[in-house]
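The first chain written gets the first letter, and so on, giving A, B, C and D; residue counts start at 1 in each chain.
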Amino acid sequence: MNPGPIEFASLSVIALLVAALLTPLFSRRQRLLIACCFGLTAAASLLAVVAGAWTVSRGNAEKIVMLIGLPDLPFHLRLDPLAGFFLVVIGLLSLFVSVYSIGYVKGFLGKRSVTSLAVFYCLFLAGMYMVVLSDDALIFLISWEVMAAASYFLVIFEDERIENRRAAFLYMVVAHVGAIAILLSFGVLAGLASGFGSFDGYTFDAMRSASFPIGGATAAFLLAFFGFAAKAGVIPLHVWLPEAHPVAPSNVSALMSGVMLKTAIYGVIRITFDLIRVFPWWWGAIVLVFGLLSAVMGVLYALMQNDLKRLLAYSSVENIGIIFIGVGLAMIFTSFKLPLLAALALTTGIYHVLNHAMFKGLLFMGAGAVLHATHERNMEEMGGLIHQMPWTAALFLIGCVSISAMPPFNGFVSEWLTFQAFLLSPSLPSPLLKLLIPMGAALLALTGALAAACFVKAFGVTFLGHWRGHHRPKVQEADWPMRVGMIMAATACLLLGILPTLAIGWMDAVPQQLIGTSLGTSAGAFGWMWLTPVAYERASYSGPIVFFGILAIVIAAYLLLHVRPGTIRRVPIWDCGFEKIDRRMQYNATSFAMPIRRIFGFLFNVKERVRISRRTAHRAFPARLYYSLHVRDRVWGWLYKPVIRASFWGARKVGRLQQGRIQAYLIYSFVTIIVLLVFLR
Amino acid sequence: MNLAVAAQIISFLAALVLLCAFGMLVQRRMYGLIHLFAWQGLFLSISTAVVGFVAGKHHLYISSLLTLSLKVFLLPYILHVLIQRLKIQKEVETVVNVPMTMLIGIALVIFSYHLTAPVREISTLVTRSVLAIALATVMIGLLMMITRRHAVTQIIGFLAMENGLFFAATSATYGMPLVVELGVALDVLIAAFIFGIFFFHIHTTFDSLDVEQMARLKEGD
Amino acid sequence: MNLYPFAMEILQVLILLVVGPVFVGWVRVLKCWAQGRSSAGLFQPYRDLRKLFSKDVVLAENASWIFRFTPYLVFGTAVLAGGIIPILSTDLPLGATADVIVLVALFAIARFFTALAGLDIGTAFGGMGSSREMTIASLAEPAMLMAIFTMSLASRSTSLSHMAQLVMSGQSVMRPSVLFALLAFILITLAETGRIPVDNPATHLELTMIHEAMILEYSGRHLALIEWASMMKLFLFTSLGIAVFAPWGIASSADLIAVGAAFFFMLLKLGVVGAGLVLIETGLAKMRLFRLTEFLGSAFLLATLGMLSYFILE
Amino acid sequence: MMLLILLGVPLFASVVLAFVGDRRYAPEINILGSVLNFAAGLGLAFQVYLQGPSLAGGKFFFVDAFNVYLAVLTSFVSMTTAVFSRRYMRREREHGRVGHLGMRFYHAMFQVFIFAMLLCLLTNNVGVLWIAMELATLSTVLLVSLYRTPTAIEAAWKYFILCGVGIAQALFGTVLLYFAAEKVLGEGGDALLWTNLSLVSDKLEPTVLSLAFVFLMVGYGTKVGLVPLHNWLPDAHSEGPTPISAVLSGLLLNVALYALVRCKVLVDGSTGTHHAGDIMMGFGLLSILVAAFSLLRQKDIKRMFSYSSIEHMGIATFAFGLGGPIATFGGLLHMLVHSLAKSSIFFTVGHASQMHRTQEMDRIRGLIKGNPLVGWGLMFGVMAIAGMPPFGVFTSEFLILTATIKDAPLLTPFLLLGLGVAFAALYRKVQPMVAGEVPSYQKPMTVANLPVLLHMALVLLIGVYMPHFLNQWFHTAVELLK
């Protein structure tokens, strides 16, 4: 038998599981453990990438059935282009992050045992691969929850900190509630697919071959969307995300933000396009609206953050929103039978999946390097790191530029394609959608611009200027494995930005599988240099020319200006004659975001307090000034707090049942009997 | 003895059993309770014997003897001894709202009658009308456990329920199979030992047998 | 291989480099006339640039490579944009490189790095400028895109050449959506190019400056590049507006006369636009920073109205 | 034959242990008895696997697909509990919480309890079932009050009275059942045999049987711990010695549910309606909700897990009430995996509370660092019990929930609510206990590894790979319970 892609993928999963089992044996040799474990995960990830890429380029599906699980419901695995694509996304970033981890995890040596980190890291990766590979409801949910549980243990890794525990708890609860919703959704589908006389309905194949009544399908979709949205961090279910992602070890944050969230996207695509297949347009509208909401609110919240990793986490909310915009548009186009447009929209969505995985992974790795070097997450305490950490700074900058959707990097390509998809909405037959969808384009534009502001802040405050903190740690550049991990991700960002045509041509198998149409004929029509979705006349973009054009002009200008040797004089910064200028006077994260906070303040729960110390001769010359600012998510107060309150209220009420007196308990039985008898008569 | 007479006798005994149950419901004194319980057991035993005689079921004699020895002599004796040992013979329990309790008891009798109607219709036994009384006795035993707060009273209520069940078994079906009867008797016996031990434990721990004190285990605020 | 398009491309870039400063000079001259001052002449910007190029560079100790790289990048994006916007001809080889969205993104990347450079030296001014610039940009960009989308809805294309050709072919003359979009575009151009009432290019007063605050630490050739680029930016935005809203005259065939005519029309239009700009700048006062929300908000509103009117009225 | 050995071993062991008393090797004898018992259980399972259901002791005992796995489970959990209790009870003895007499009593009664449960499961006679159930209660009542603290006595008293009253109702129900059966099968012992009753269930008088079901439901439901008859359960489970809590939660509840389900089959056969199922669903749902919300505010660790038992019994009851092949399958599986997981949790909880000398959750901290086995064991146990894959509880909940969607879609929000709240409540409490730094007052100690590891391994195994024979039994049982 020739091993095919799915054997490769399974092998990768098995390798990870074996690694997870064996790792505890090495717990006494921590250094060896790090090298072996993360080396092995890197190899396994590479294997997964190969399997995925192979499948996508072959464009067909392979299945195997493993004879474990329930005897009546063995585990079904399937590797089709959609799964293959996500396998590549997950595998690619896992590869980078695994390499990075070899350096990063060493930072924990001497402080705590990294055994559990290594074990759950392996399980986490295995879980993600399995989610993508699974082809029946049971194995899907098992993988889904293994992924959630493993990441939970990774979040709680540094468990002595209360914030980690709190975040992990919140994460776990939201994830589990979401998982139950997904479970119920599968329940609906399985029930409609084959009834409950047998276990057959649980396989995806049965669901694919069934046709669902609209009511049941809608229930299934809404449940699934709720569950997946909770996992993806779609506003308003996102609250766990900015808590959990920052406190996890940075390599894990990179994976969680970069690829774990994508499994939720995968789930939505799988359920709507592959399992249900026929759906009304307003499903897409729901996805679109939540996508827009997440995009705008996510970036605004990101702008308000002072914690570097928290900022990145909120930015993930934004990007998930952008992805859902693409998916939602694809759903709308599909339901109106516009396959070409749907293919375009879907491609934008999944291309952004890939892109976001790359740059968000890169950014989290960069933030991890900073954290590793400074032991600081608060940007207010940072600054000027570009001098001590030139590599990290440059790579982080690439990430920032990519995520801000600037050409010639990859973030721009997917955003550009999303705009193109938006601009195709006039082809829709529904007048209402025609009017409303362009508004979405405006919101997307707003998101992009705000993201740029956000990452100017992130990069500028962290790496530029002077050190803002009170005490100055000795900062060292990240070591080579970490750098290599980041360099690979940065290279991917650049390549995906300047060669989108190749990437999209390769990805065409996915829309081909799900919608039946591919972009291939139109997108790559003018060769690899030109990206022309739909038609040449509509729009075109050439990444290579933009990149090399700018590069050429910059180099030309530089050379021209350096023909005549000029000197550069280094002087202290100009202080306008003030003389007492110090580094605490720089703009910091809070002040940078101030104008935007003013403008969009109504969206946040802002508590700003200024207090002037009493011990002063005159009010105009205070000895001390105290300023405090709290920007909170309104969603917490609107959605989560009431739920928590209601639960405890319920708990108090229920607690009254158990009030201690035995007579009362006897009365319960007595009344129960009477009630039952009365009802039965 | 012809069937009609037997039925009358059994009905009469059933009435006495019910009366004892009501008596126990409102009896405040320990000894009074034990005596009432013993009387109830006696009526039960006689009734079982009569049924056995009428129906020609000889294993019912054994049941009758069991009841006699266990519920008329042994259990009252054990209770008696316990009360003396624990020096609580003088204790008088407050019973709240006697009329109300009685009313509920009567309501229970009516309810039981109503409930057992279908059984009565199906049954061909002479004892069929007694089933309502048996159920009522069970219910009143439960009611007694609810209204009283003394451990001994609760146990007596529990045993009264047991009587009611036994009565039900004889009246509805001329008694359960012998194995079951014996097993039930064994269980009651073990239970008797256990509550004996309990009385001591409770008394030494709480200094009284008032179960109101035992309300620590609850969902506090 | 037809060399004409490439010649056109080179010509356009040259025009950009040359006419950019002249256009700024023209605006300044007009402004002086309007305000009753005597002007420094049409070519003063050249003299400024030459002076700056010949000076040595003074750098803050803390400046990193970003600070030094930014001027080149800003200059580079401006030049590249000049090769994309149909200034003289719609038949540009680079025209397909980028559509209007890419163009906006090119300006965005220049702004991104300028803002970083502002933060790089670590002064309060630099940070302030960056913060304000990014704030304004984040409001202006969506409005800008909306305005352009309104136009591209009609032409079913975001490619500038196609849009211009379509307008020239006369299919869409004087439509309500165009009017709204044009108004919005003007407002945004004022914001994007840092003109009154959003910013004042002529002042270095800390409370008001935005763009100037970011580049306050630049000197010598770096400053020259940035100044030149910002002059080109004004020119580019004007050309962009012309290409989208009033492309008449731009050559669409390989014809020397047409190109000559296009050049003439271009100068004519620039003259008119300059006059309009001066009217606005003289007639209005600089706004407070937080009133800009309303300003840009109304630009966004206008653009949205344009889009709605496209669907409702056309 | 195996069947009789299975019943005989614990009885014999209890007699021996009653004589051995508090000697040093008593725990080992206890273990030996349990191991033999488990071996007999395995033998029985093997026999059933090869030959199918059978009768023994002159129709007096029987074994089929439904009770065989519960019997093996009972003997297995009792064995691991015996292993666990060796160390545990020794330490309690050293701490002076249990006296000389107490130990003798503990060991003897432990075996009696096992005997009672096995008798419940294996007897063919409804009456004997009742007797055995009562015996199971009585044998544990004094174990619950073993520590003689005021709360322990209170708990035991409540247990005694409430279960006594409850079981009395079950007897009434049994009488009514016999009354109905007698009409069809004639007088005598045969009329109470399952094997006969199930054959003629459609001929039994429906009105009588539905009346009987109410009493059986309330009676056995009290023992299952269904809300609102559950009040004894948290008290008894939290105040007794931990091994007893483990078997109470892990086994006794199952046995009671077994009895209930058997009765339900008869009633369903007789009435031909789904009323009995509806009643069970109602009780199940109420239990899930009340237990879930009660979990939120617990302070005592064992009390919390006993509420969790109520919740899970609610789920299983709900599943059986729902009926249908998938839900019933899920319910059967749920009984198995819950029992394994819950007893494992109680083992770790026992160690944890001994390490800290308290059952208050606020004082238990840093378990993973203090003792990895206890910490991770508790963590994974809770994961399992909270329905996280890949543990077996997830599989059963998956089947039950998906089946609910089909048959009672309107109830799913309540299930979702209950499961969600229970999950959050458990994690809220467990996470601080296992994570974080070791507190100063935590005492290191050696723990019994084997029971926890064995249980968790089994739960995991069932989650990812259910053995074929188990599947076979469940399917046969589903047929039986249809």
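In the analysis below, contacts are C-beta pairs under 8 Å (C-beta built on N, C-alpha and C of every residue); 3 or more make two chains touch, one makes a residue touch a chain.
Treat the numbers as computed from the prediction; the structure is a model and nothing was measured.
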| item | value |
| --- | --- |
| Graph separation of subunit A and subunit D (steps between touching chains) | 1 |
| Other chains in touch with both subunit B and subunit D | A |
| Chain occupying the middle, per Cα centroid | A |
| Chain whose mean Cα position lies farthest from subunit B | C |
| Inter-chain pair with the most contacting C-beta pairs | A-C |
| For subunit A paired with subunit C, centre-to-centre distance based on mean C-alpha positions, whole Å | 35 |
| Mean-CA-position distance for subunit D and subunit C (Å) | 78 |
| Centre-of-Cα separation between subunit C and subunit B, whole angstrom | 100 |
| Inter-centroid spacing, subunit B versus subunit A (mean Cα positions, whole Å) | 69 |
| Two or more partner chains touched - positions in subunit D | 157-158, 161, 165, 169, 211, 234, 294, 297 |
| Sites on subunit C at which at least two other chains make contact | none |
| Where subunit A touches two or more other chains, by residue | 652, 654-655, 657-658, 662, 666, 669, 677 |
| Chains touching one another, given as label pairs in label order | A-B, A-C, A-D, B-D |
| Residue ranges of subunit D in contact with subunit B within the complex | 125, 127-128, 130-131, 134-135, 138, 141-142, 145, 148, 150-151, 153-158, 160-161, 164-165, 168-169, 171-172, 174-176, 178-179, 182-183, 187-189, 191-192, 205, 207-208, 211, 234-235, 238-239, 294, 297 |
| Contact set on subunit B toward subunit D in their complex | 115, 118-119, 122-123, 135, 138, 142, 145, 151, 154, 158, 161-162, 165, 168-169, 172-174, 176-180, 183-184, 186-187, 190-191, 194-195, 197-198, 201-202, 205-206, 211, 214-217, 219 |
| Subunit A residues touching subunit D - in the complex, by the definition given at the top | 68-72, 137-138, 141-146, 148-149, 156, 159-160, 165, 168-169, 172-173, 176-177, 180-181, 183-184, 186-188, 190-191, 195-199, 202, 219, 647-648, 650-655, 657-658, 662, 664-666, 668-669, 671-673, 676-677, 680 |
| Residues of subunit A that touch subunit B when the two form their complex | 652, 654-663, 666-667, 669-670, 674, 677, 681 |
| Touch list for subunit A against partner subunit C, complex | 383-384, 386-387, 393, 397, 401, 404-407, 412, 416, 419-420, 422-423, 426, 431, 434-435, 438-439, 441-443, 445-446, 448-450, 452-453, 455-457, 459-461, 464-466, 530, 536-542, 545-546, 549-551, 553-554, 557-558, 561, 566-574, 581, 583, 585-588, 591-596, 598-599 |
